[in-house]
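Every chain is named by a letter (A, B, C and D) in the order it is written, and numbering of its residues begins at 1.
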Amino acid sequence: MNAIPLARPRIGDLEAGARNAISDVPGVVVGHATLAQGEVQTGATAIRFHGGDHFRDKLAAASVVFNGFGKSVGLVQVDELGQLETPVVLTNTLSVGTAATALARRAVAENPAIGRRTSTVNPVVFECNDGYLNDIQGFHVSEADVLAALDSCTPGFARGAVGAGRGMTAYGFKGGIGTASRVVALDGARFHLGALVLANFGRMPDLVVDGRKLGRERAAADEATPERGSVIVVLATDVPLEHRQLRRVAARAVVGLARTGSFLGHGSGDIALAVSTAEPIRHAERADVVARRVLNEQRIDALFRAAAESTEDAVLDALFSAEDVVGRDGHARAALA
Amino acid sequence: MNAIPLARPRIGDLEAGARNAISDVPGVVVGHATLAQGEVQTGATAIRFHGGDHFRDKLAAASVVFNGFGKSVGLVQVDELGQLETPVVLTNTLSVGTAATALARRAVAENPAIGRRTSTVNPVVFECNDGYLNDIQGFHVSEADVLAALDSCTPGFARGAVGAGRGMTAYGFKGGIGTASRVVALDGARFHLGALVLANFGRMPDLVVDGRKLGRERAAADEATPERGSVIVVLATDVPLEHRQLRRVAARAVVGLARTGSFLGHGSGDIALAVSTAEPIRHAERADVVARRVLNEQRIDALFRAAAESTEDAVLDALFSAEDVVGRDGHARAALA
Amino acid sequence: MNAIPLARPRIGDLEAGARNAISDVPGVVVGHATLAQGEVQTGATAIRFHGGDHFRDKLAAASVVFNGFGKSVGLVQVDELGQLETPVVLTNTLSVGTAATALARRAVAENPAIGRRTSTVNPVVFECNDGYLNDIQGFHVSEADVLAALDSCTPGFARGAVGAGRGMTAYGFKGGIGTASRVVALDGARFHLGALVLANFGRMPDLVVDGRKLGRERAAADEATPERGSVIVVLATDVPLEHRQLRRVAARAVVGLARTGSFLGHGSGDIALAVSTAEPIRHAERADVVARRVLNEQRIDALFRAAAESTEDAVLDALFSAEDVVGRDGHARAALA
Amino acid sequence: MNAIPLARPRIGDLEAGARNAISDVPGVVVGHATLAQGEVQTGATAIRFHGGDHFRDKLAAASVVFNGFGKSVGLVQVDELGQLETPVVLTNTLSVGTAATALARRAVAENPAIGRRTSTVNPVVFECNDGYLNDIQGFHVSEADVLAALDSCTPGFARGAVGAGRGMTAYGFKGGIGTASRVVALDGARFHLGALVLANFGRMPDLVVDGRKLGRERAAADEATPERGSVIVVLATDVPLEHRQLRRVAARAVVGLARTGSFLGHGSGDIALAVSTAEPIRHAERADVVARRVLNEQRIDALFRAAAESTEDAVLDALFSAEDVVGRDGHARAALA
């Protein structure tokens, strides 16, 4: 590997939030459970969107599937009802069932009416395949790990090779968890849009860092490996957006992905979820007609730009925050920086 | 309840297959694991579409979501790749995580390259909420139950209050598993399209049996209960259909549902999956371009009609095959017949 | 044809509006231009959703395509922006270009900023093929005819073989324009949902009238003809619904179609559009964030049922309102009644 | 404007076809009708995908809408049937009705059974808004212009400010028609994928040319204008792809757009259509089941990369091929080069 000095570039034109993290959106916190021992290099990452119970106070949400080679859980209901009613969990591909069960069990514990006197609960889980570094066939993530991630959420969460990101690879380098945020001004007030990515995608020769074809420089020295990855993008904002607007915002994550070098490879499960924290939807709503605030659609370009920039920035954050990891069968991924 | 004599009517114009079951499609078999003790009235039902390994020999498939208040697993990838690569499992809502894990574990056991030297596997699981009769909060379905369902598949499978259908309710009566099939003639040969439903939907006053508003007759005597159900329709055919054609065929299941009285209620997860067994897609395919047979689109009305009729017939089969069940807290559902 | 006396049945459980017409929704009016001379049996039908300019005061809208063998214009933008910004025009298949141009020209005349200082305009036009009775290859509908339909809108509009419905056929009988409405109570107030259909679909043996297989009775005497039709369903309501909710409501039109005997035939362009008149969206909106009312989703079943019932009722209205028509090459369609 | 010397860069890793044009796909030809007089700066561009009648020999096709602020015609049927049955026409926004009518009239003239003894025809028309340079409110494109474009198709067609591209603007510079192609090797044979774009999108400060933020350099001197554009991407290939695969290929056009600086702005109608010329679908097919070749999905990355690269390259081609144009009210757009 050559010795080009690498500083993480500033991405885009918009102002970043104070943390340049998804937690710049008030109330959004993230937690990890990291399993990092020998062949086991995996984990779970949880995102909570407010401090309350997500089943009782649901949030407007929408997903977009850029490439559906993926095993996410929960999107059918998210897109029918336009609502998220659990925290979001990220983990490895073969652990989505366990994570979904953990989320369901927790929701039932906190809401004993679920499935009896009221509807059931829709857990939302995303995944990437960390089978290169991690013994994924061992199904090592437990329900307890998922609950630990849920219970350790904080605004000042770690990035890089942690939680669900522990065993992930991006552009041939060590990937994992990255985050970023942008400020959006509306009606004279400051709002935020933040991104969190689980980056496990891309071939090294394709890596582009703020326009520079860094991957080609590095790939001469490193071995190019075939892509078998995925990338999950979770966007949160305190701007009041309805489901359809959130779907449009989520659709701009692909711009950020493309600018880091992705062409949405066949084997890559590339999915974005966008959530608005502005106007919780009460499960116990009594009124037949309710009042909501919603963005004037003609102002939505600011959100689109923020989604594109924060996604690109979050992918680079995952790469620049990662550390070297050695895992299964001595497989190793080096940090980019 | 009054004493109107009830014979199961003949539905539609097309000829039924020999069994009038999804297993009239050559190679399709179904198995159940039934848990029926006191408060535990639930189970799992598995559908296999051929006698081989579904990961190595995938099948063309497509889904349609009529109402997405449901927690199915695996549809994102089915609709991206147009392929099914595991058997299908049906179970109760809170057990989808367990069922997905069981399918994944089984696939890994049979294909050790999964997640390491080749892609991961996409389990497909559907669900309905059996919480009225069953202690759904107990998460009683185990991975072993799911494997037992997979390992007991047979063409001559039971219908009614069995497997995933054990705790289900349809139109206020005991619901569960139903099936039917229709014959389709193409190029002088006989093909089949079959349906299997997990029927857990509909309010009693809405029930229509072959045009007769039976629900209104019965609901006068019985208590009308609010809907909190779902219905899953799995269609299989040996006609060679590509993904898009299968999506169109799956879209006709709604015709059969509507004719039994459904209006696709808000709380009902109403989903159809269609699978063609005609042309397996080899995971290990070496050729870059492969030969496929596909239906001349102008002949597709026969499949549409068969999908509509066999879905309607299968819902009635679930109702007419069911037995009375008493479960959680003494809750009971009476058989229609 | 035999002599069974035919009275139009009462459909469903809900109360109909005063006119049992889409114009029971306050502000909704309909107009026709009918061309009925010899080989020319065609026309245009226009629906206006309020008394103002639709470009300046847009309406929340959503469409669902049940079977896309159709040439509608404008749905891409309706479903991206969730908005309707012109009246809706129905006409014959080969006249959609002319109708779209007429709507665009009218919008430009009334809003000179269009395409220059502000965005362009998105005309919405639906169609069915009236080529059996009408000389469709003659492209007889002119821009003037479309404007005449727009300018003759009234709450007390004609039904049956008028406007776009002039040359249409449904279930082998004379089809055309039908309408119906249902009352929905919310928060103690009365709202309406109304349907207008352009019925040009179905084979005679399939016709079902409120559960009675009337088509089979009649088809013995009449010649069964192959289907090459379509059906357009336009739903309007004064209940405040956001785009996603309107999409869900539009999705229930299929229930009404199925109950009249349709199985969504391959050659039939079956499309529904739902529009809420409750909360106009101002083109000149200055605020970045706006207040909106929206239905509590848990009350949406009332709308679903109203959509299913009013669609079924509107199809029957088209059949029962029609008169005999003789057109191209002596082709004839007899009224059902 | 400063004097940075500008050479058109080589985009991506794949080999370009001999013409680096969509016409490298055998049989694909393009024609223009250009209206360039004073306030009238507009036109029509036609793409034919083989030398025969497109209604009698249809082609597999699929579209993807990245942002649906657009008035395209015909996509509902393309995506239901997976087929294209007319040449594709591009024109200005207010002329889509005229273009659709012209295509329909031409199809009827060549196939007198249309709408009478066989189905109607589904014209496919795309558009962008050229209202800055062109008197779009004048509806200047006539049916004769559209037919002239159809009748002048040739492999060696002009690019830049011609045909539908005459009045278009991209990234603040003169936009219009651009094209590119890439070679794909399969089973030892050479295939092509080509792109043609109608580029009318992007704000100047956002322009990126092969990683270089050229727009920021130029925008310091030039006035930044608000976006009100669109971009249409038509992809053609002689690789045998089914509808679903074509949809996946079309979905990669967004990668190319993003790399030139687009973030899929709210007001931009960004749509891709992909067409395979490999296996025409006969309107008069007699067999019930037909044989088709189709790409082994595991080889599709080559197509994805080709789609991304040729789209990016085609956008740059539009910019580099354009000449200065002065139009309505003295509005002017300068060429980039």
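The definition used in the following text is that a residue touches a chain if its C-beta (ideal position, glycine included) is under 8 Å from a C-beta of that chain, and two chains touch if they have at least 3 such contacts.
Everything numeric here is computed off the predicted structure, so don't read it as measured data.
When chain centres are set by their Cα atoms, the one at the greatest distance from chain C is A. The pair with more inter-chain C-beta contacts, choosing from A-B and A-D, is A-B. Each chain gets one centre point, the mean of its Cα atoms, and the points for chain A and chain C are 42 Å apart. Between the CA-based centres of chain A and chain D the separation comes to 34 Å, rounded to the whole angstrom. Counting only residues that touch two or more partner chains, chain C has 67, 80-81, 248, 267, 297-298. On the chain C side of its complex with chain B, the touching residues are 13, 66-67, 205, 208, 211-213, 227, 248, 251-252, 254-255, 258-259, 262-267, 297-298, 300-301, 304-305, 308. Residue ranges of chain D in contact with chain B, taken from their complex: 80-83, 186-187, 239-240, 242-244, 248, 281, 285, 287-299.
Residues 65, 67-77, 79-81, 93-94, 96-102, 104-105, 108, 112, 114-116, 119-120, 122-123, 129, 131, 136-137, 139, 228, 267, 269, 271 of chain C are the ones touching chain D in the complex.
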